[in-house]
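Think of it as A, B and C in the order they're written, each chain with its own count starting at 1.
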Amino acid sequence: MFYREAGDFKTSYAEDNQTFPIKFDRYRYWFVLAVAFLVIPFIINDYWANAIFVPFLIYSIAAIGLNILTGYCGQVSLGTGGFMAVGAYACYKLMTAFPEVNILIHIILSGGITAVVGAAFGLPSLRIKGFYLAVATLAAQFFLIWLFNKVAWFYNYSASGQISAPERFVGGIAVTGPNTEAWAKYMVCLVFVTLCGLAARNLTRGTTGRKWMAIRDMDIAAEIIGVNPLKAKLTAFAVSSFFVGIAGALFFAVYLGAVEGGEAFGIQKSFLVLFMVIIGGLGSIFGSFAGAAFLVVLPVALKMIGVDLLGWPTDIVSHFQLVVVGALIMFFLIKEPHGLAQLWRVIKEKLRLWPFPH
Amino acid sequence: MNAMVDPYTTEDGRKIGGVLMDMRNITLRFGGVEAIKDISFNIREGEIRAIIGPNGAGKSSMLNVISGFYKPQEGEVHFRGSIRPPMKPYQVARLGIARTFQNIALFEGMSVLDNIMTGRLNHMKTGLFAQAIWKGAAEKEEIENRAHVERVIDFLEIQAIRKTPVGRLPYGLKKRVELARALAADPKLLLLDEPMAGMNVEEKEDMSRFILDVNDEFGTTIALIEHDMGVVMDLSDRVVVMDYGRKIGDGTPSEIISNQEVIDAYLGVAHD
Amino acid sequence: MSTEFLYFVEVLINGLMAGVMYSLVALGFVLIFKASGIFNFSQGVMALFAALTLAGIMEGQVPFAHIINSIFGTNIHHFGWHVPAVLAIILTVFVMIGFAWAVQRFVFRHLVGQEPIILFMATIGLAYFLEGLGDIMWGSDIKTLALGLPQGGARWLEDATAGLGGDDFYGFFIDKLDMVATVVAAVLVTALILFSQYTKHGRAMRAVADDHQAALSVGISLNFIWILVWSLAGFVALVAGIMWGAKSGVQFSLSLIALKALPVLMLGGFTSIPGAIVGGLIIGMGEKVFEYMIGPMVGGATENWFAYVLALLFLVFRPQGLFGERIIERV
């Protein structure tokens, strides 16, 4: 019997507020963390890091960010790619302007800068709602990308228009630049994912989270019970963009090393992260991880099946991928609007009562 | 001191104080339609004040004016002795005015407990960073407020549905959860918009008992809109009657039922 | 008249013509939104898909040829015939009707009563699906639409206006295709308005747009109406696809250009056919003029974002759009 508790045995409110109220879940959570921190870094190689783990971790942060805005606060954004670009370019400018400062601080500052930009683009959300807002966020997407391509200051006047990350060290170990080892990339991302995940979880279970959800569920009622809608929405935009900015900075500095704004952070990226959130589950931190994992692994898996196993040409497989992703989005919205996270919850609720469901 | 505002004690021993909220010459228009025409009335501390009238009389609009959702074109709102400047609804909430809605306005995606906890929003002060860290200030505050909410939950007897998502609750319970959310805010003035609409007799009795208990135990001032005349006569200390946006009666329940204009509005006038 | 001013007028006219193209796509959005409350993000991809299908049918391509070849190791590409344009267009219309039916049957019938934003996200999924499907069916290479539509600038207009502002003005350069598009758009809008005002199904369509429940209760089949509007939107998409495709080739970027229809709608309001037209013209004109006047100062390519930023600013001051009804909030 590995799943327990079928009654209410809690004796304090702190106990009742736990993230993982069931012991088995708690152990599993520590187990996952232990494996992630103590096992994977020693066995990871370049292929696994670049194909699966590093993108998974970075997209998880971006998905958490978008989930805060869309899943918790109900404001759909199609500007994620643009905000990731802000994080990336902010990080690049900071790295080159202040080479002596630790890169980790730069990454956090990039998040901060993105938060400010995000909040600025969030200002219209007070007056514009629903898909009007979604379309309005496209303005952020296209304008920001255009800005980074046109204003040479952002890419330090480099001839190619690209930005590339110089080599930076944390405690003597390279974490950016061409000589970075797979495990170092992985560890940097892992640390940020862990911190972001915890912060997001804490924010969403407290007052701030309740304000966001109140705005999402019924904004007029929320205002009448005392939520300042502008402040709540702007915090959501700022916090969300903070995470997205960190993801963008990591994506550029640690993962790719060199990017061209329009290519790496185009509208397709906005959709990709939105899809992660939908498939994983709107309004669930766990769902953000699940959705990111799913959409990072899916193309790799499809490629393995289509190209390596069946021998199809790569372009057909990539078209096929569009069809599969599109169909999955529709499937999830029809069958399970709360995504993978809800499937998981249903399984857990059944397990809680198992083996005596009545 | 005016005799109208002298404190007194009711027959059942509740203390009625001075004027808490005073609406003076309120007029509210939507485009060319006058929803409220030059209405004045007051609400005294500790009393249960009913607003009645036929459908479309402007009762809900009046409640919306009190809670700051509609801005009247003319008139003044006085709260606790001074004029209340034009305010956003969330600022009004911070003055200690809480309300329920005619068509339930709960947050459907959240659990009962979280819904009621939203009532404590204005009592929770920790900043964003403290909340992101959670351990320490944020957790302490959460637990203190949770304890308060639990008292409300006990009071309204909804312990069993604490963790249920609101969307799954039946209508009567939703009404009760909405009342719990308003109560959790520790309001000075509680506005109830048709708290008993659509309920059966037992549910109405329960709700009446809760309203009386809230008023009695916490001394909360209550203004309510209700259609059931029996309930209104039993519960309220004073009644305002509205018809087509005008005030046609104001007084104790016994004065109201003998007021000819009120009888005409409710029963219709014979034209001969 | 100064040359400067004449060039400005030319930019203005070209902007109006581009605006007509945007309006064409926006029209499809409005049709679906009015009747079903679905904000159909995939309208642009529908135009791409329709154009791809038309090109494929005309060329006599074998659908799914690539994938069939990969599985069976065959090497088929074309049936070896060329379908005349008119027949191909009719066949494509049937494909779009089939598509409308499938969308209704497999997707939106299961989403009735969901929040608008969920429906919106479903159409983003649909856009992806359709884009992938189009590529698998017809291949992703750029296709040309040889429908015999006039191309290039209108010589007669150029000749007639040359020298108006002095010797250095060579006359207005206006694409003939744009003129055709304008005429087609005008015909299309008139036909749609006549259809919705004077036919039985048109009236039913407006009834559904007004109130689903009430329409149901007088015996209108919602399912039929929804398939009808999706078919109409498919037809409008085909027209838009033909025009855009003839202009710049049938390729993926077509669906991105169609994204521009979104700000058009925000300007014109989601429920107004005249709004879609006027919004399209304002956006088309605005972005060309902005690029002409401000573009050179900031490095150009402002057309990428101008429409969105304009719509955003506009909405902040008038959230219901140009022709939308004022929103009164209630509790």
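In this text, a residue touches a chain if its C-beta (ideal position, glycine included) is under 8 Å from a C-beta of that chain, and two chains touch if they have at least 3 such contacts.
Note that the coordinates shown come from a computational prediction; the quantities given were computed from them, not determined experimentally.
**Student:** Compared with chain A, which chain's mean CA position is the farthest off?
**Tutor:** Using the mean of the C-alpha atoms as each chain's centre, the farthest one from chain A is B.
**Student:** I need the chain pair with the most C-beta contacts, please.
**Tutor:** Most contacting pair of chains: A-C.
**Student:** Just to be sure I understand: the centre of a chain is the mean of its C-alpha atoms, right? Then which chain's centre is nearest the mean of all of them?
**Tutor:** Per-chain C-alpha centroids compared to the overall one single out A.
**Student:** In whole angstrom, what separates the CA-based centres of chain A and chain C?
**Tutor:** The computed centroid separation for chain A versus chain C comes out at 33 Å.
**Student:** If you average the CA atoms of chain A and of chain B, how many Å lie between those two points?
**Tutor:** The answer is 42 Å.
**Student:** If you average the Cα atoms of chain B and of chain C to get two centres, how far apart are those centres in Å?
**Tutor:** Going by mean C-alpha positions, chain B sits 51 Å from chain C.
**Student:** Can you pull out the residues of chain A that are in contact with at least two other chains?
**Tutor:** In chain A, residues 220-221, 224 touch at least two other chains, as defined above.
**Student:** Quick one: which residues in chain B touch 2 or more of the other chains?
**Tutor:** 69, 101, 105
**Student:** Multi-chain contacts in chain C: which residues touch at least two other chains?
**Tutor:** In chain C, 331 touch at least two other chains.
**Student:** Would you pull the chain A residues touching chain B in the complex into a rising list?
**Tutor:** Listed in rising order, the residues of chain A that touch chain B are 12-14, 16-17, 199, 202-203, 205-208, 210-211, 213-214, 216-218, 220-229, 235, 239, 283.
**Student:** Can you tell me which positions in chain A touch chain C when the two form their complex?
**Tutor:** Listed in rising order, the residues of chain A that touch chain C are 74, 76, 123-124, 127-132, 134-136, 138-139, 141-143, 145-146, 149-151, 220-221, 224, 267, 271, 274-275, 278, 310-313, 315-316, 319-330, 333-334, 337.
**Student:** For the complex, give me every residue of chain B touching chain A.
**Tutor:** Spelled out, the residues of chain B in touch with chain A are 67-69, 88-90, 92-94, 98-99, 101, 105-110, 114, 117-122, 124, 126, 128, 131-134, 138-139, 142-143, 146-147, 150, 181-182, 185.
**Student:** Contact residues on chain C for chain A in the complex?
**Tutor:** 39, 66-67, 70-71, 107, 110-111, 114, 116-118, 120-122, 124-133, 135-136, 140, 256, 259, 262-263, 265-266, 298-302, 304-305, 308-309, 311-312, 315-316, 319, 329, 331
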